[in-house]
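Heads up, the next two complexes both have chain A, just with different partners, chain B and then chain C.
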Partner chain A sequence: MDNLFILIFIPVVGALVLALTGKSASAKTLALLFPLLSLAYSLSFLFHFVPDASMQFEQQVPWISSLGIQFHVGIDGISLPLVLLTNVLVPLIILASYGRKYKGDFYALVLFMQAGLLLVFTALDAFVFYVGWEAALIPIYFICALWGGENRIRVTIKFFIYTFFGSLLMLIAIIYLHLQVPGHSYELRSFYQLALDAPTQGWIFWAFFIAFAIKIPIFPFHTWQPDTYTEAPSAGTMLLAGIMLKMGLYGLIRWLIPIAPLGVAAYGQLAIILAVIGLVYASIIAFKQQHIKRVVAYSSIAHVGLMAAGIFAWNVQGLQGAVIQMVNHGISVVGLFFVLDIIAQRLGTHDIKLTGGLAKPAPKLAAVFLIIVMGAIGLPLTNGFVGEFLLLVGIYNYGLWYAVFAGLTLILGAVYMLRLYQKTMLGETPEQNARFKDIAGTEVLVLGIIVLLVVGIGVYPKPLLHLSEAAVSQLINQVSLK
Partner chain B sequence: MTDLIWIVPLLPFIGFLINGIGRNILGKPLIGIIGSGVVFVSFLLSCCLFSHVYDARQAGGDGAFTVPIFEWISAGKLSVGLSFMLDPLSSIMLLIVTGIGFLIHVYSIGYMSHDPGFGKFFSYLNLFIFFMLLLVLGSNYIVMFIGWEGVGLCSYLLIGFWYKNEAYAGAAKKAFVMNRIGDLGFLIAVFLIFTTFGSFEFSSIFPQAAGRVSGDGTLLLITLLLFVAATGKSAQIPLFTWLPDAMAGPTPVSALIHAATMVTAGIYMIARSNILFTLAPVTLQIVAGIGIATALLAAAIALTQNDIKKVLAYSTVSQLGYMFLGLGVGAFTGAFFHVLTHAFFKALLFLGAGSVIHAMSDEQDMRSMGGLKKKLPITYITMLIGTIAISGIPPLSGFFSKDEILAHAFVQNKVLWVLGFIGALFTAFYMFRMLFLTFFGEFRGSKEQAHHLHESPGSMTFPLIVLAILAAFGGLLNIPAALGGGEWLAHYLEPVFAASTAKTGEFHLEHGTEYALMAASGIAAIIMAIWAYGTYVSKKTVPVADGAERSLLSRLSYHKFYIDEIYDALIVRPLNKLSVFLYKVIDRAGIDGLVNGLGRTAEESGKGIRLLQSGNVGFYIFMMVVGVIALLVYGLIKI
Partner chain C sequence: MSAIITLSLLAVLLLYLGLFKAKKALLPVSLLGLLAAIVLYSIQWDTDAEPLYSGMVLFDHFAVAFSILSLFITGLVFLLSRDYFDSISEHVAEYYALIIFSLTGALLVVSFHNLAMLFIGIEIMSVALYILVGIRKRDFSSNEAALKYFLMGAFSTGFLLFGITLIYGATGSFDLTEIKNYLIANPHSISPLFYSGILLLIIGLSFKVGAAPFHFWTPDVYEGAPILITTFMSTVVKTAAFAGFLRLFLTCFVPLQDFWAPVLLVITVLTLFIGNISALAQQSFKRMLAYSSISHAGYMLFGILSIGAASAGAIFVYSAAYSIASVVAFAVLILVKRSRGSEHFEAFNGLAAKNPYLAFTLSVAMLSLAGIPLTAGFVGKFMMFSGVLANYHIVLLLLAVLNAAMGIYYYFRVIVAMYFRPADREEVTVNANYKAVLFIGALLTIAIGIFPSLLAGWL
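Moving on to the complex of A and B:
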């Protein structure tokens, strides 16, 4: 009954159906129906999940036997939150795009991407992982290139080549590992058992790290990100920032660190330093951005920097924090980009100077935006605090000074986020903004759900933390970097 | 009984939800009743809880009760419980927060009656009470931190309540960011505490800490970081500049948050952690030093301010400085006593100022006031009581609490006492200057303002009267033994500070010396009041216009020692410049330029083998899709 294949293939079927029905008027309804089905079905996994350290709902069939490729997938406490995140956010993102005139082809790409993401988060075979990794990239490329802003072509080509370059490095590493396994398998578990020497693990580290660092993105591999987030259509930005970047973070936890612990022992400190530099660097850049999407784009670099640092600190608190913060960041960033999309759609501009005073004509928008902003800057009793707190504890356990610099996010985050809020919502309402329409209908629904999640997880995070607790502890015990 | 403690913070939270959601549906009277009602019920419950602790103390117990609610965060060995602690210290804070909170809610019904944001205002006030109660009741540093940050949010919302004014919105942001600087200190301190003591719970940390030696390096670091947090929340050097700007908020907010409750959180937190500080004498010296420096600096600024709320704001900063001085010299009870009396008289003074502003059609400049005592008799009398109390003139409350702090300072370090004494002179002068400029002499405002002058409605004068009574008699709570008093507060709080007292020994001062100190400060305050009378009533001096020539000292004081300008030049503008530099030069031209350059090089070198390729990324991707689908199909067929 809880068949992981079905969970992964629901969106594929949906994508095919939508691609075929194409321009019909029912495309929107169908586009929501399939993700809702996925969501409902994933709840069954949630209810049947046993919160221990084991891999569950495993499915394994031979795929390309001659190459030793198995279609092997499964869920444990680390992947389940991300599977749920994907299946919660996709319908929300589709609902959030209801205001646009998208047809079946657009939604087909979104669903195809969803399948790729689910594959990445459940793969237990490196080849399946790689297929999912690329399968998620292709649709988002088209979404950005076909529906994006003015500079979309130049920007998305760069995005594609950049991330594809990273993927190739990873592919080389995967093939190398495959060849080292006795019997030539792509099994994750067989990769874990390889006891490679330190120099080999060193270059394996870099091959995976660069691939993931580009995707996340970690400084200085980040320059594709602000451009792409800015030029992508809003739904694309939400998919990229809300879910896709978690592929890279998840990859660190599931693939890079357990496969190349000696590599991490050698270069992990450098990775943390890069992540923390990126955090401070991106936060400061966010101070003066004039394009509202760019503020959140840079803030996202800062936030993922904190998560990456927490992961490389490699202790229970840091990793637990990273897992829950991946979920939290996904929820908050989708909310933020949706609010900005609403503003930009109605005002016809992304220029922070031309917004302002919107709290007067749109009090509901101002209220939900405030709650989401507070979540993003980690106010206690919002979701952001729980993750940020655990991450900082984890980083602190790694080293006091890392925590001090990473902790600057508390201050810097408040500066740029409150600036964004002030410049868009507060102040005198300019005449051209006086007739700004407050949120209504699906907008209220989407933002309402996001606000509930922000506060709900913030007040009672235990169930969510509980999902990953055992898996995280076991992973930390199993892979020692000391 | 104590099991029901969670209802105390829950009620204002429910009020927040009802008023927040129903702000446009419920009428103003109903919103006012709900908003004040929930706080009043919380107050009644707090009284019951207080009497419970009181009985326990009478029976010889320490009066501390811990009430766990649920486990909030857990990860590995780390576990944080949402859990409350009722003890003598928190029981008194409960009364202050809900009691004064209730009075200020009632006052707001009148004060905010013409404001279209009435419902929103009450919901924010209720939310504030909720977070403040969490701060006070937390049985561990994390729950305290929830409240700590939550009151910061409410402060942000209420300072920027009239958000259409860009400057007000800016003041709100400034307050939040400066508080966050302190909050980082708090968090790092908490991490250090956890790694040192393996717990966040007060009841587990303090006994362990008591076993350490004085001068312990870890404790030094922890206490310094906690003090950084306190300087943010309680507006001390160098993080005090947000508080005067916070006067942008409606006056009841200034009274409740920026005088009586939130800004004293730093003192509360240190008093709570007293054993950690007692064992870190270096930190205590810094606390005392920063405290007295802030007290003097702010008092010096208050001497020349003309905005009635600004005078009170700097006065608050200055009085908070006295409380830190008290903590620094080990007068934990004295510092907390001053928190208590200050809550009475400063809330009173702010609400009185609000009553004046209300009557003056939103005028805040004292140069346009004068002679108001006939038109606003109740406001005048109550503010007179508040002024005498804060000036340290016996037998009103401020005299006793300030005296206790200064007596400790005297024993510890005579220089601190002299400085504190000078600050007290300033205090008496600027407070009477404010009183005389506002209520005495001729009316200096416009005809229109004169026409509208009226005493405030009952909802506003009632809280004034209650607070005036408290400000007058609050000193009775802790009459020193030298005056034949029972030092009730000190005895009640004894278990909270017991571990510290055990380390430092009982405070001792000759009664004769104590009389002399009291007489000196009391008489000096009266002389300053007379001097202010001579200047502003007899000579009818009116402060000069903004642009007028000033002496150097007066200019420094009037321009607040240019501290905002210095911060702006040293921190804010360089950071903004850095932001632009990092973006344009490093990020765009530097890193991104390098990436693009690498891409172009690859493209150039690829031209040779391009013949087989179209150069169209879309085409490549199309081929990839075909490939992936082919693979999938291949796999499916095999299945």
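Moving on to the complex of A and C:
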């Protein structure tokens, strides 16, 4: 019944159908139908998932036999939350873009990207992983470059070349590992069993790390991110920040660390230091931004820095915190970008100085925005709290001083997020903002669901934690870095 | 062999058709001839191949696969020729005939088993091309291209011939098996003539495939020649030259790898960087494609550098992917040039809004040339990279990665122009043949990208 191939190919079929419907009016309905179908189908995986450490729903067919490539996919406790996240967020993002005049081609690209993302999160064969990795990149490039802002052409090509360069390095590492495997396969499991010497694992570490660090992005590989987030259309930003950057974090957990533990032992500390530097640095920059989207863009660098640090700390708390925080960050950041999009679209500006006092004309928007901001800051009883708490415990177990600096995110995060909230929502209502329309229709629906998720996971995170618990502890036991 | 005879007769028949003003029959007859040749080759696939005609030619799997590829690509070029040749010259029949002659040479180059045959094949292939490049008699750049091509071609043939002579001097034979046996029999007392011969052969063949530093003729010739001839040269001729190059080295010179690999390594690195960096600076799409073909020659040299059992398959897939994508790219260029009169990137501005089909197929071709997964180009690059890594040239691969990233920039320029730069323009009219070729090209590119086994398992 639970056929992973079908789950992955629903969006592909959807994309083809939408590409053919072109300009017809039914595109919007169809564009929602396919992701809802995916979502419903992925719930079946959730119900039949046994929360232990095993790999489940595994499926495998030969793909390129002459090169030893298998189309091998499966889900375990670490990938399931991300698969669910993808399938929850894509319909929300599509719904959030209903206010724009997008045609079938736009939605086709979104769905194509969804397929790529699902492939990345379920791949158990390195070649399949790589293909999914790139298949997610192409559509988002077109989404950003076709419907983006003024500087989109320059910014998106930079983004593309940057990430493509990183992934080619990863490709070299993958081919190299493949050649080391007796019998030459691309199986994840056979990569795990390779016991390569330390220098080799060292360069394998860097090849993977650069690819993932660009995607996540970890300081100093982040330079593409603020520009791309700013120039991308709102839906593109949500896809990038909400789901795509999780590819990199997931890659760290699934591929980099278990494959090159000696490399991590040698350079992991450096990676944590970079992550923490990036986190503090981005938080400070976020505070100075005048462009509302840039505030959230930099905040995103800070948040993923914390997650990356938690992953490299490589203990149960840090890793579990990272898994749950990937989900939470995805939900919150999509909510934030959607609120900012609503504001920017109605005011016609992204300038923080021209906003302000919107709470009075739009109380509903102000309320949901507040809850989402709380979630992003990580206040207790919101989703962000659980994840950040676990992450900090994990980093603390690695080293006190890392935790001290990483803990700054909580404070700095509160500062810049509340500044954003205050500058946009509170204060005097300027005359031109007085007739600001409150949210209605699909906007209420999307933000309502997001708020429900923010509060729901915040109050009762146990089921989500339970999903990944066994898989995380087993992975930690299996791959010891000490 | 029957296929080659068929093609030679076909070319003569085409000339007669031209004589009797049967212009309408030229295209169908040529296509039928190509089809017949493909069928004749396909029949030969399963037989245990033995060298024929006193060891002159050998139709093994390698030869048959590359021959069918060349025939197929030539077929695509012919489909594009409707309305094209008539518009640039009145001697339409000569076009078809000369292309078929050149193709016959190419088929000999991919199936030679004797150095004399290699030389004859390359000459048959080239002499017809000298004429084709200069066929626009009154066009200045076409004449320049023809002269350049002829001089450079003659020059490189000289090197080639000299190399063959020296090898003969050392071994006393032109036959590939004999040469291989000579190496096996005298592993420690190989004549210096032989080494010099290999070097000269590398130079001669590098000229033919357009590898740096022997690439100088390529951009000017590609730019000066009629677009369709450029298409033929950069796909069929290049593929054949590479197949010949590989065949020679794979059959004979593997034991001496330590000697020639460093030389080829330098050529490869130079080719990659010169091709890519020059392509970055181009304003003309056609010239960009010329430089990109140089950089692709660099990637294809990987296959020879990492010579082994997997090389033939890798070069086959790579050249198929590259040829198909190039045909699509040149086809769109012909159409755009016809409507806008320019070959520059700006001529493509706003194409996606008026001709979504053209823009989509060209994008697929560009993605394939750039080596993005799910296209044929990626499979080719992937196989090349695997081969190089198996020989532990990690540094070379890092350089290749750098170049692949550079490639994105210039391949995406045309995508950017088509999709993201709006412009007022007329819809480009596309006739059925072009539609068919673009469809076949895009479909094959994606199909091979998704199911590489279609091509990868054959060699």
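One rule holds in what follows: the second predicted complex is superposed on the first by the 482 of 482 C-alpha atoms of A that agree within 3 Å, B and C clash if a C-alpha of one lies under 4 Å from a C-alpha of the other, contacts with A are read in each partner's own complex, and residues count from 1 in each chain.
Note that contacts are C-beta pairs under 8 Å (C-beta built on N, C-alpha and C of every residue); 3 or more make two chains touch, one makes a residue touch a chain.
What you see is a predicted model; the values in this text were computed from it and never measured.
> Per the overlay, which chain contacts more chain A residues, chain B or chain C?
B
> Between chain B (first) and chain C (second), which, if any, makes contact with A:L179: first, second, both or neither?
Touch status of A:L179: second partner only.
> Look at A:L452 in the shared chain and tell me whether it touches chain B only, chain C only, both, or neither; answer first, second, both or neither.
Once the two structures are laid over each other on A, A:L452 reaches no partner at all.
> Regarding the shared-chain residue A:L270, is it in contact with chain B (first), chain C (second), both, or neither?
neither
> Touch test for A:A434: chain B only (first), chain C only (second), both, or neither?
Neither partner.
> Mind working out whether A:A198 is in touch with chain B, chain C, both or neither, as first, second, both or neither?
neither
> May I ask you to decide whether A:L43 touches chain B, chain C, both, or neither, giving the answer as first, second, both or neither?
Touch partners of A:L43: none, neither chain B nor chain C.
> Applying the document's definition of touch, where does A:V131 land relative to chain B and chain C: first, second, both, or neither?
Once the two structures are laid over each other on A, A:V131 reaches both partners.
> Taking the superposition on A as described, I'd like to know which of chain B and chain C A:I64 touches: first, second, both or neither.
both
> Of the two partner chains, chain B (first) and chain C (second), which one does A:I161 touch, if any: first, second, both, or neither?
It touches chain B and chain C both.
> Could you list which residues of chain A make contact with chain B in one structure and with chain C in the other?
The overlap between the chain B and chain C interfaces on chain A comprises residues 63-65, 131, 134-135, 138, 142, 145, 157, 160-161.
> Residue numbers of chain A touching chain B in their complex, please.
The touching residues are 61-65, 71, 131, 134-135, 138, 141-142, 145, 157-158, 160-162, 220, 222-224, 281, 284-289, 315-317, 320-321, 357, 359-360, 374, 379-381, 385-386, 389-390, 392-393, 396-397, 400, 403-404, 407-408, 410-411, 414-415, 418-419, 422, 425-429, 460-462, 465-466, 469, 472-473.
> Quick check: in the complex, which residue numbers of chain A touch chain C?
Answer in residue numbers: 63-67, 130-131, 134-135, 138, 142, 145-146, 152-153, 157, 160-161, 164-165, 168-169, 171-172, 175-176, 178-179.
> List the residues on chain C that touch chain A in their complex, please.
313, 367, 372-374, 378, 382-383, 385-386, 389-390, 394, 397-398, 401-402, 404-405, 408-409, 412, 416, 419-421, 451-453, 456-457
> Taking the touch rule as given, give the residues of chain B at its contact with chain A in the complex, in rising order.
70-78, 145-146, 149-150, 153, 156, 160, 163-166, 169-170, 173, 176-177, 180-181, 183-184, 187-188, 191-192, 194-195, 575-576, 578-580, 582-583, 586-587, 591-592, 595-596, 599, 617-618, 621, 624-625, 628, 631, 634-635, 638-639
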